[in-house]
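Here come two complexes built around chain A, the first alongside chain B, the second alongside chain C.
Moving on to the complex of A and B:
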């Protein structure tokens, strides 16, 4: 007994520390518990209402998680959790809320699609949410890797879940690209660990290790880029975007909508956290200041160009939305690169509005699929007069995605542009100006392809034979109407959103 | 609650409410759409007349343009204020007001929108949708003329595109899809240049009154001093979209990219001058000026008659009006520095538009190009920065508003009968349609600037002003103005040649069956054309009726732009 005491005491202490931290992680734990409940429910709930039952169960789990987050999980000041593997600050809270919001909407969209799928679908959805939430607070290379990998595995499975050739092919493609990205990231992490001797990016040793003059700058930068590649893959920034269109096309529609929001925003949070620790170190690198804004800005510009230009040629609504989501990634990345408070606020505003408009777009595509049996934009021809409600909403959502008033999509773009201008005018790199100009120029391209949908809805004549497949449900109509209404409302009352964001400004 | 206190809001919201009513009425009553639209636009005309008659001008009345006290019927409410942390707040206002530059244009817009509804009477396809979009358009054009907050202006300016896109795209001619997309893309591309300037402006400028509140300073004047001394905390600054605050150099944050002292530079140019160019480019697309005019002929040719009327008579005026209100008033040094460029583009538009009109075989396209040419006079008059020149530019906008509306209605008359607009397919129409011929002749003469008609006054003023510019303020060279006079000759040429080919000589039509359908004007067409033609005559014979309303504002405008522009230019000399 006496000989063991010295080893038990620290173990006991760390166990106690972990137990103390747990209440702040109730939101994630709730989701984890939810995964188990859903799996159990899939076995117990009778087949006739299994899909509805599981969807409602998932909604309850997400609501419970959000409750835990808002009422139990807010630390007074930034804290490190679980032996410094997680960093819980206001930014983490904001991004976790955004992830939960997109999860909520994804489940609401699943009432139709879920019918064709097995019950495990909801379990994977919740698992993905949990992983994305962990991603937004991970501050330890190991946990960063684990959370990204968990999110990815859930995403691969979801992509292949709808079965059939298309799904399997997309899932496999996604898996192959993802595995390579993970391997690259892991290699970068191992290098960083080698340089610094710690996995904790918030630790002093990490910073001082990187700053030490013994290490040449090139390998350090290489290692950092290898790690960033893993994040950029999740955010689908060019050239790590190749999986996106296939995965969106192959996956069940609500899952695709979720891919375009939750992991992307979590990846952006991760990137901000990683870069903020790296930037401080980066300034002193052997007297050389490495210009992160320049190289990542270049990627953001390429992403905006490729995403927008490629979207012009798309015939399938899901692929169009996939490229549109790549294009939006470019602008979101630009907001991150401002590295100032206004950029961060603009990012949160954009992220919030982006969730609303992207889910609205996916929902409407799903409703039109139910009406026409097709995802092809050409098959929307002339629907404007027959399906006036969904068509009008579609116009609103497309205008929001383009970023025109009177929708919150405009306000979001305005704020990102403002952040870029403000960053540039307070002595920032001229890359910020180029990002701003690219953002403006690509808006014209964006209008061209987003307008394609209203163009087919209203300006083209309806074909003779009308296929009515199943029709949209009341729930879908209400949800789509509510989302579109919010998009307009938050243009006129942008201050409401901004006041919520104000509560989640980085407190450092 | 006084009605007059909310006159401008009513002008905007009456059509909007009518659109809402239309949205809610059941589909089987969609025939009521045109009556709702008629009632709403008629009410709008009444409100605009009330505005016009309640507007005070002359001695003792507010002159307008650069100070909040210069505006009448002002309405100002907080719209929103966004907390932006370390750079302070971003506030936008619901801020409306009219001065001499805008009050007449509101009246013009209301009248043309009303005429447009009557001219839309025989549109039967998707009636409800058509009138709904039309009413939205009506609300936004008025909004553009009365908004004094840049964000609010931009909202109206951009939101106008959507109804226009559908109006051309769904009810237009054979190539309507191409024309409507081209229209949308061109104008959007232009308005993004405007957006970037707006973003720069609000980040560079503050609202002294609201900032005083946040900073706990007693008076706004003190805030301006503190701002210039750098004694103001950035967290207290309230950034604003308010045009009138942004016109005051004292509200620009020192060191910001658009500030006067130590303003930013990009590629060796002053960012203020670049912002002026960006705004000018954006509005030049709308005006339109050569070489960004190419959307106009397509849009006009494909648009249904009423939409063409609204497009030519009002939408183009928004471009002209906005140039006065935004780039010229906010960046007056640009107005001086780039005067030859603006005038040059104007002269190019006059000549290029006129030569193109001469070459057209399609009557509607010819008139579209004549619009490009006539809008060139607006630019020339503005660039001169003399009272006559700017008055002429404004007068030209009114005159063209009436003349182009009448011209497109007249083309519509012919097109309704034969569905063909090719000039060479007709000859000697005077024998079959004498009244129509008289109307066309009068309108053509008004457009080419025959004395006694509105176009004459406008063009005379423009040239008077432009010729005075070299000696009065030295902005324009003589040769440019002389070159522009060539436009008058070509304009006369294409109108007279068209008259001769289509209306005089032997009666001739390409297809025999057209002959039966070529009847003279119907009562509805009389009703549409008579007020317009009367307007052209009244404006030509009694120019003071209109001139009096805007002369004080133009005086203040010209004086302000020249004074402020010259003193600003001194501050920017290092770039020049």
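Moving on to the complex of A and C:
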């Protein structure tokens, strides 16, 4: 029981400790300040250039946050921040950088869509980024829940932002599924708290509480699985994927592109952190070491199968990208399940390349929508000769998403597959082999539906009546070209990305 | 006495929760939610979490529920007929929760008292005094980030809700002419 005397004396010390930790959190604080600035800017900036002004402001905030992260926020060694509510290691820094990169691209994509949206759009976008960055560091159940919830609320609102019936329906569906998922996760967290008496998953008390003989293993596993269900929802792994196609179809395109990268990568980081504590604890359960690899591997396999097979039937480019994003989640989850440095490296590489190709794909869909006025793949018929620039880039990006050379998508898939093989051949569970085989098999399926778009672009006849709506802007063309160029470049110079990743992997 | 009160309030909570589940009248469900929340608040107080108990009453019973009931009353033609919800997927709806119940009873039923609770019992450090002060100190020290994050969360939720609720601006109606424009009442 805390009384007056003992709390006041260490109060000064704990406040001092908080002030000392703050510089490492400047990136998040910058984003938080950015949210307020954008809200203020939406009031003050004149209507004629409000959208551009807010977009530039958001870009500046993200750039400032990245600067803070790279030049002020690199800890020499893994540290616990703010009385052990956050755990900052190099892996977390890498994930925070990836989140910022995807945020930057999302704002660049928003220039066109932004005209239709209110100024609050950018505030929600920055809030989502901040929450995703905190997610990749959180090591306290309270903070894990709050950061996931912040990211989710921003995502629900962004989904409904495009207005109209479609957006509202998608937002409501996303909200309902999300609320159920976070209720399930919260129930699991409350059980874990009851078992251990602490919220801090890095604490000794957490492990010893879970390993206590008073608590049978089944309830612990049930609680852990309930918590994982919340994470899996954010990563959109089957069977928690039902919201994905509708949300991607209803949301503004840049927001949909962001959903498939930033929260997903942050969720993977969170999952790695959470599972690593369970693996350590799990080994010591007398003879009952629970096989997370097996159950999560099974989910990853089902995810790859469902995502890829369902994508084959899609007629709408946005739904196709949604199912492709589900399929990629399966592969990213497989990379986590290797549970080795090699797997983490492959995950980071895949995550980085995935951001590039996913944003390129969404940008091209948005450009083609501007040029043809449709999201339907069937309406891309015969555009290859008319809109040669967008069409060539689309082919490059689709090849990258399939995972074929000469694009970085191939290198990324190769790294994940070799990490799986390495994990299997050095005495890992045979689930890794099944994951590898499913990944290879589904790549063939992926070839079929990704190349459907180039097939329509080049091999189908163009209909007579051509509606020219409006062209794509110069900025979009430059951005799409740059992204496609990077995808090809990183195939030939994969070592550049690898060097960067080497500096960030957990093997300090 | 405390044990008797606990079971009484637990029974109240459980019974009103079951009413919410099984009634098809939306207004009855909203009213029995009040009893459910009151029962939960009483359980908080009995477990020594006085601040949470009061917050539960002020925020949920005083704020959220009143809004909910107003919402139900204002958005529906309550005078003509009661609002009845539909039932879908009854088979899975009964099967899945029943399976979950069996699973939870099967697993959580095996539980003994966890270590930390036993230690607390031995040291007799169960909370007796007010929890307000330690809560405040912790919110401003250890959990200051969580506190601030909750602030940002609420701000963004408020901003987003206001943006979604406001009628579409004239130029955006022109853009989304195929969308629903019913939010803007027809003006003469």
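Keep this in mind: the second predicted complex is superposed on the first by the 498 of 508 C-alpha atoms of A that agree within 3 Å, B and C clash if a C-alpha of one lies under 4 Å from a C-alpha of the other, contacts with A are read in each partner's own complex, and residues count from 1 in each chain.
The definition used in the following text is that contacts are C-beta pairs under 8 Å (C-beta built on N, C-alpha and C of every residue); 3 or more make two chains touch, one makes a residue touch a chain.
Values in this document were obtained by computation on a predicted structure and should not be read as measured data.
Q: On chain A, do chain B and chain C fit together or clash when superposed?
A: The answer is fit.
Q: With the two structures laid over each other on chain A, which partner does A:219 touch: chain B (first), chain C (second), both, or neither?
A: second
Q: Looking at the overlay, does A:494 come into contact with chain B only (first), chain C only (second), both, or neither?
A: A:494 contacts chain B only, not chain C.
Q: For A:414, select first, second, both or neither according to whether it touches chain B, chain C, the two together, or no partner.
A: So A:414 only meets chain B here.
Q: Under the stated touch criterion, name the partner, chain B or chain C, that contacts more residues in chain A.
A: Here the partner covering more residues of chain A is C.
Q: A:502 in the overlay: touching chain B, chain C, both, or neither? Say first, second, both or neither.
A: first
Q: Of the partners chain B and chain C, which touch A:448 in the superposed model: first, second, both, neither?
A: first
Q: Between chain B and chain C, whom does A:275 touch in the aligned arrangement: first, second, both, or neither?
A: Neither: A:275 stays clear of chain B and chain C.
Q: Pick one for A:232: touches chain B only (first), chain C only (second), both, or neither.
A: Neither partner.
Q: Using the touch definition from the top, say if A:425 reaches chain B (first), chain C (second), both or neither.
A: first
Q: Rounded to a whole Å, what is the shortest Cα gap between chain B and chain C in the overlaid structures?
A: 35
Q: Quick check on the complex: what are the chain C residues that touch chain A?
A: 103-104, 106-108, 110-118, 120, 125, 127-129, 133-134, 137, 141-146, 148-150, 152-153, 155-157, 159-161, 163-164, 168-169, 172, 175-176, 178-180
Q: Would you mind writing out the residues of chain A in touch with chain B in their complex?
A: 340-342, 345, 385, 395, 399, 404-406, 410, 414, 417-418, 421-422, 424-425, 433, 436-437, 440-441, 443-444, 447-448, 451, 454-455, 458-460, 492-495, 498-499, 502, 505
Q: Enumerate the contact residues on chain A facing chain C in the complex.
A: Within the complex, chain A touches chain C at residues 1-3, 7, 11, 14-15, 18, 25, 32, 35, 39, 82-83, 85-86, 116, 118, 120, 123-124, 127, 130-131, 134, 140, 142-143, 146-147, 149-150, 153-154, 156-157, 160-168, 171, 191, 194-198, 205, 208-209, 212, 214-216, 218-219, 222.
Q: Which residues of chain B touch chain A in the complex?
A: 79-87, 90, 126, 154-155, 158-159, 161-162, 165-166, 169-170, 176-177, 180-181, 184-185, 188-189, 192-193, 195-196, 199-200, 202-204, 256-257, 264, 266
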